[in-house]
Amino acid sequence: MGPVLSVDGLKAYYQTRFFGTLREVRAVDDITLEVRRDEIYGLAGESSSGKSTLIKTIARAIRPPLNVVAGSVRFDFGGQGAHDIYALPAAELAATRWRHLSYIMQGSMNVLNPVRRIRHSFVDFAYRHMALPMPAFLRRVEEHLAHLSLQPAVLDSYPHELSGGMRQRVTIALATVCRPEFIIADEPTTALDVVVQKGVLGMIRRLQREMGSSVLFVTHDMAVHANLTDRLGIMYAGRLVEEAPTRDLFRRPLHPYTAHLIRSLPRIGDDAPRHGLEGKPPSLAAPPPGCRFHPRCPLAMEVCRREVPAMRELAPGHRVACHAAEQGMLP
Amino acid sequence: MRGYAVYLVKRLLQFALVVFVGINVTYLITHATPIDPVEQTITAATSFGTTSPEAIALMRRSLQDLYGTGGGALHQWLAFWGRIVVGDFGPSLSAFPTPVSTLIRRALPWTAGLMLVATVLSWGLGNLLGGLAGYYRRNQLLKFAGIVAMGVHPVPYYIVAFVLLIVFGYVWPVLPITGAYAQGLQPGFTLEFAGSVVRHSLLPAASLVLVGIGGWFMGMRSLVSNVVTEDYTIYAELAGVRRRRILGSYVMRNALAPQVTGLAMTLGAIFNGAIITEQVFGYPGLGSLLVAAVHAGDYSLVIGVTTVSILAVSFAVLLVDLLYPLLDPRVQAR
Amino acid sequence: MWKILRDLLRYNWEFTTGVVLLGIVAVIALLSFVSPYPPLDVYVVAPDMPPSMEHWLGTTSRGQDVFWQLSAAIRNTLAFGIVVAVLSRVIALTVGLFAGYAGGPVDRLLMSVNDTFIVVPIFPILVLFYFVMRDQMSWALLALVAACLGWAYDARLIRSVALSLKTREFTAQSAFCGMGAREIVTREHMPYVMPVVFTTTMNNMNWSIGLEVTLSVLGFTDVNTPTIGGMIYWANQHAALVSGIWWWIAAPVALVVIVFIALFLLAVSMNEYIDPRSRLARMGGG
């Protein structure tokens, strides 16, 4: 069967007109990637790399001034053919949401309706998909919660009555209760302490294995990626610069930026000094010509200043967009 | 439950504080003039014609208590409060010897009724339309309704009432412009009486609603456009929750809570508006009573109406405050 | 601040309209200084004349030229509004900033007092005040009392701005860099506070002018000084509408409505400017 998600040449820009000046921020600039069945695909990159915008665009959760300018996002949930999510009529889109495509948002602080009990969120999100009478539905929810070590009393609480970690676990329970084929997780463990983080990651991994779903997991934390993901894509300044199975990527990174990210991870017993990259990420409103990384790249060449490097498969399952890597130079 | 009890106590204390400060301000004002007000009023009273010496003595005593003259400062203040607490303002000068409290008791239901209807309509409609306008930003009809509402909103109550009076009283006289019910009609629980009351309240209520609705509209629209960008709304949209459900349960419910607080804060202003509107339409509520009292130099009545106004508005605010936790459960945790 | 005003003038039609309307009113008010008739005099011209070339807005039943009366009236009314606004700014800023920055029990105490003034119905108290003072009531006194009663709502708004500024990152950074408290407040925070002060000033002027009009119409002020409310009062006393002398009432009503709408537009457009979400909406989002 084909991949669950195919993103093809996707471009999404913020387009604003402020007091007479037109401004375009190229948050997502020509991204092509695939997420296969039953895999956890990680998306890494620093704060302004555009990864959050990318997944919002994939989930069709964007509003003007952010607009899709080119490309397509195709989902194939049941293996019966892919559909462009931007071409779906409203009714079908609503039927897809949560049943086939769910979302775990960043910041568990605020994603649940603060003035209703948790039970109402489950009813609002999942009831219409389950085709069960209400008492049976609630029992199913309670079973699901118990499976995730959450008390049924949680359903009667208000969000502000739960701790941050519990809220995040409730959100995960909410996102998985319909057993969707595709789950997007946007920094679900940021702002949680490491102990809670471990529990949450374990929960996600266990659920994924049980349901056989695919997960698109976004975080800047490389250690989490190393621990959890099957394949990993690296984003920089709105572009995808490298993609490979996680182990291969960590053992042999081909892009200088990826190498830097990995080298900056602390390792027990290794006390070599860590160096930061010079400069800062480029402005997405006026990005540098050619390869966007070239101002900070130790391997930068003349061609890097002129030509945007294309994404090429330089090893089995291992794609890179780098002129230096094509010429065999190792970072 | 305990959280609510704490909240309740806090609100009751605030209510007590407002009443205490407000009535003391009233007391201070009555002491602002150096002229002896008691004798002045007695002279005015007796100049009207024959009044029995007992009646004059009764009036003098009540005025002394209310003005707080006679006796030391503390004694004056206590005498004043003694009267207020039992609601005994003495006899009215302009309607001698009817007690002030009787006059107020007759007028209060009309003001209360008018305010209740006008507030519910303007708050309810204003929030509903404003909420819809904030959610459906491109709807032309809602935009137009907004401009009309906001155009009338800054105009003071008096002028709107006056314009309505001219339009429906002179230009197109289809509605009654004075009184609470048709003259000669017997008050009672009859359909005819009820109908007359409704007809007579249309213009005063309309004038209050027209001015008030714009403020709620604008507030709700801006609140809703903020709530719409909150994480929980976006999350519900990501989950494909039905639009109507998002509008009701996520957007409106959250945006309405500050509007309840806003209602509590503007009840005083609505009351001011009601007073003026009553005056324009000759509606026999506290407003008309107050203005008539001032023109007649009826001191006890003026103090009485002022005090009752403070009490009534503070009490209404308390009621609204107590409603708030129903909409926002977080307040119990504070 | 000036840059904001310039941008608003150029791109925000509500702001521009408000400024233009207010400008017209101000011109009319300033004309009162060259009025050919002393404003307090009565029976100086033929009464009850409709608008004509000689008397642009007609004359009143008291023998005054409506236009020149109106000019003096709007000047006095505006002056009243400005004085009340300035005085209550002082109180509102003091209470609001102090409560917001101090926090804790001071804040709670000030807010209790503040809420008291918000809830208490001001109109009956003002009426009582007039009743007690009668002939000793002057415009200055009324302005003072109105200012002392009408600061509460705005103080709350200013306090919430101060609260949010206090906890912002750049405040902590400035303090860490060694900037004194006074310097932080005046240099870093004022640009955020000023637009709120502007908006609340416009709203407050609307409120105080409305108060003046209402009190004067009921005869509860010094109705011999020409003010908008005073004009309406006298027109009512002479049953102007019934007599068909509609211009006597229409002129002050129309002009004061223009003032209200102008101030309102200014307040709303500044408010919209402050709120980044509505700015975004104007820019093409949503």
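Observations on the structure shown:
To keep things simple, chains are lettered A, B and C as they appear, and every chain counts its residues starting from 1.
Here, contacts are C-beta pairs under 8 Å (C-beta built on N, C-alpha and C of every residue); 3 or more make two chains touch, one makes a residue touch a chain.
Because the structure is a prediction, the values reported are computed rather than measured.
The greatest centre-to-centre gap from subunit B, using C-alpha centroids, is found for A. Interface comparison, A-B versus B-C: the higher count of C-beta contacts falls to B-C.
Per-chain CA centroids place subunit A at a distance of 53 Å from subunit C.
Chain centres here are Cα averages; for subunit A and subunit B they lie 55 Å apart. The geometric centre of subunit B is 23 Å away from that of subunit C, both derived from CA atoms.
Residue positions of subunit C touching 2 or more other chains, listed in rising order: 286. Subunit C contributes residues 7, 10-11, 280, 283-286 to its touches with subunit A in the complex. If you check the complex, the residues on subunit B that touch subunit C are 14, 17-18, 21-22, 25-26, 29-30, 32-33, 37, 137, 150-151, 153-159, 162-163, 166, 170, 218, 222, 225-226, 229, 264-265, 267-268, 271-272, 275-276, 279, 290-291, 294-295, 299, 302-303, 305-306, 309-310, 313-314, 317. Considering their complex, residues 230-232, 234-242, 245, 249-250, 253-254, 257, 327-330, 333 of subunit B touch subunit A. For subunit A in complex with subunit C, the residues that touch the partner chain are 15-20, 63-65.
Of all residues in subunit C, those touching subunit B in their complex are 112-113, 115-116, 118-125, 127-134, 136, 153, 206, 209-210, 213-214, 217-220, 241, 253, 256-257, 260-261, 263-264, 268, 275, 277-278, 281, 286.
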